[in-house]
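I've put the structures underneath this note.
Each of the two complexes below includes chain A, the first together with chain B, the second together with chain C.
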Partner chain A sequence: MQTDRTLILGLIETCREVIAAHADHLCELDRAIGDGDHGTNMRRGCDAVYVDRDRLSGMPLAQALEKIGLTLVMNIGGASGPLYGTLLIEMGRKLGSNAHKTNFAAIVGEAIDAVARRGRSQEGDKTLLDVLYPVHTEMVRQSALVRIADTAKESAQLTAGMRAMRGRASFLGDRSIGHVDPGASSCALLATAICHYLKEYRPA
Partner chain B sequence: MNGKIANVGIVIVSHSPLVAKGTADMVRQMVGDGVPLSWCGGNAEGGLGTNTAGILEAIEAAWSDHGVAVFVDLGGAETNSEMAIEMLGQPRSGLVAICNAPIVEGAVIAAAEASGGASLAKVVATAEELSPS
Partner chain C sequence: MKKFMNKAESMVAESLEGFVLANERLVMFGSDRKFVRRRHLVPGKVAIISGGGAGHEPLHVGFVGQGMLDAACTGHIFTSPTPDQIIAAIEETDTGAGCLLIVKNYDGDVMNFEMAAETLAGRHRIEIVIVSDDAAAYGAARSSGRRGVAGTLIVEKVLGAAAEAGVGLVDLKQLGERLGKQIRTIGVALGGVTVPDTARATFLLEPDEMEVGVGIHGEPGVSRQRLADADAIAAMLCDTILADQGMRNAGVPALLLVNGFGGTPTPELYLIYNVARRLIEARGIRIVRSLVGTYVTSLDMAGLSVTLSFLDDETLRLWDAPVLTAALR
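Here is the complex of A and B:
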């Protein structure tokens, strides 16, 4: 349980820090093809989780993930709230019901599928899925954390070449091409930060 | 709250508090107090956006055991409304439907239909006739 506590606390702080440091940039990306509030929304969500960190880090990992997801839903707003929320809620639920034969990559894969269903979108639509799926592929391959982080960053950049099929950016049609998707960008920032944290993390 | 009222409830969800409230005003003008009605507009800070907690409160406020029809504007309003409905849990979540219809016209027509005692399915179908399929 002590391991969970340190890990959960560390991840909450890491995610909040990286979003706070890049919130303005995320808003800037969102202004180009959306409504300009992605950074603000993500920061509001991460702050809400951070405020609740003592309670959350006292929970088993599965339960904490589910509660963090719920907090994100209730606080991020926009389409990102339900999408990030669904990812964590599903991961928590799957992990909780599957604790004895934990294949974490498979759990993450199922949670990503739930995000795709929630957003009624698929890979190539210029969304956070274009980072989540490649990251998942690397997880299945059991790639090194550094490699997973690089994949996340590269995948986010690749969304610049895509035409948005979902969300407000899709109203722009071809004019959405040439801009990195803000959701993919925040997803890559979080994935990268989490990989770096886990690389340094030593269970007590 | 309004579980005893026999008419279907109407909830309006917009990114803008002004749009949500304005739409609710137009519904009220049409049907008075004959239909449970509530709205949610904007993010938690009162700016443009959506928030699931607010939508959940709006559904509770317009609750009817005969069902609730929800009208949304853009993507995030729909996704957050779906999330809020799921959070109600079964069996209540099965009594709430998001209408694929223009928010203002849909809400007014649905409310008119609901005020005559129509079922949720009929209220939704009438509003959705407005949407090109």
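Here is the complex of A and C:
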């Protein structure tokens, strides 16, 4: 469990830091096509997880992921809470029931499908799924962490060309085109930070 | 930005505390202050619960009380409440007849209410009515459906009265869905709103511009147009509602609601009501009930919405039923 503790603590701190550092930028992105609070809401969620880090890092990884997901749901609110929460809750549950399997990419894939069902959304709708699916594809290919991180960043940028189909941005119709989706952006920031952390934590 | 506030983070909680104190004969906080509930629950009545982000007051807390809501969950400003709040509200106010959740059709609200309902499935009988009365046209660019806006007030009033009269959970859901199809709303803004957290306006308009088809979260609307006089604005709003399929029922009695978004003075609301009523009646629709005021707001947004709701004998009777809440009585 000692390995899990360090990993969980490291990931909690990494995610909190990257969101805090970019919270204003995420709000700015959200102001263009939403109500401008995405950074604030994400920061509130990450802070709540951070406050609970000692308890969380004492748990096995699967259980910690599920509890972090629940904490995000109960603190972020809006659409981001249920979406990010569902991702982690499902990952934790799947990991918990498949602890003997090592196919983490498949577990992530199932969790992403659960996010899509929760948001009644699909790839191309200009949401965080437009980062999650390409990241998952790279994971299945067992790409290097740097490659996964680059894919996350590029995928988020690509949402600028999309017309929002879900969420508040979708009320804008064509006027949502030209703006990067805030949810996709936070998702890319988190994915990139996690990749960089894992690269240092577990050089492979 | 000038606001009466201490800290942006505690603004909603401090305001709710004042609301509960000011209306202490009608309402009280639920467990852990996660929601505001009716002081006296009615055993055997279906519990009616709603909620949403803060910034729309008096919706929803202002409608907690006899003849309307049993509980309202308030989130952060323009942010849906979280499932734990909704779960706590259901557990405390369901007296055995089940619980009806009235949810405005915003993806965040729908997801959080659904997660709460899923968590309690098997332990409570729960139905959800989703309000989607916005008539702003999004074309094919939107798959989430219409937004839920000021028409939510009408759904909460009618379903609240029906629950009070002893109507059961399944019938309430059917009534809510039937009524929802009879309500259409269109909003127009003269400016963006200032969200206390970010201290900046959500969008900026030139002095000669207005934003048409806005929702109630300060998000930009469907189109930006040149500001016109009140007659022309009212005509454009009424045309949009009446162009909506199912909104051309000549001879049918209807309710006309002109709702301020928080930054428009009451006289302007009545001025628009005056024009809108004449225009709608000229199309053969009988306005038999009216409501004019600031009920479903978008913080300090200058702007208003016009809502038309057709009523049948049953919904008219329920609209007229007694109500005792902070904002409607």
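Criterion: the second predicted complex is superposed on the first by the 201 of 204 C-alpha atoms of A that agree within 3 Å, B and C clash if a C-alpha of one lies under 4 Å from a C-alpha of the other, contacts with A are read in each partner's own complex, and residues count from 1 in each chain.
By our rule, contacts are C-beta pairs under 8 Å (C-beta built on N, C-alpha and C of every residue); 3 or more make two chains touch, one makes a residue touch a chain.
Remember, predicted model here, so these are calculated numbers, not experimental data.
Participant: On chain A, do chain B and chain C fit together or clash when superposed?
Facilitator: Superposition result for chain B and chain C: clash.
Participant: Applying the touch criterion given at the start, work out whether A:Ala164 contacts chain B, chain C, both or neither, answering first, second, both or neither.
Facilitator: In the superposed model, A:Ala164 contacts chain C only, not chain B.
Participant: Which of the two partners, first being chain B and second being chain C, lies in contact with A:Met74: first, second, both, or neither?
Facilitator: Both partners, chain B and chain C.
Participant: Where does A:Leu172 make contact in the superposed view: on chain B (first), on chain C (second), on both, or on neither?
Facilitator: It touches chain C, and chain B stays clear.
Participant: Check the residue A:Pro82 against both partner chains and state whether it touches chain B (first), chain C (second), both, or neither.
Facilitator: In the superposed model, A:Pro82 contacts both chain B and chain C.
Participant: With both complexes superposed on chain A, which partner does A:Arg118 reach: first (chain B), second (chain C), both or neither?
Facilitator: Touch partners of A:Arg118: chain B and chain C.
Participant: In this superposed model, does chain C or chain B come into contact with more residues of chain A?
Facilitator: C
Participant: Going by the contact rule set out at the top, does A:Cys27 touch chain B (first), chain C (second), both, or neither?
Facilitator: Second partner only, chain C.
Participant: Enumerate the residues of chain A that count as touching chain B in its complex and touching chain C in the other.
Facilitator: 35, 37, 41, 44, 73-75, 77-79, 81-83, 85, 118-119, 166-168
Participant: Which positions of chain A touch chain C when the two form their complex?
Facilitator: 27, 31, 33-37, 40-41, 44, 73-83, 85, 118-120, 125, 163-168, 170-176
Participant: Residues of chain A touching chain B in their complex?
Facilitator: So the residues of chain A in touch with chain B come to 35, 37, 41, 44, 73-75, 77-79, 81-83, 85-86, 118-119, 166-168.
Participant: Which chain B residues qualify as touching chain A in the complex?
Facilitator: Residue positions touching the partner: 15, 43-45, 47-53, 74-76, 79-80, 82-83.
Participant: Once bound in the complex, which stretches of chain C touch chain A?
Facilitator: 53, 75-84, 106-108, 111-112, 114-115, 136, 138-139, 141-144, 147, 195, 197-198, 200, 202-203, 213, 215, 217-222
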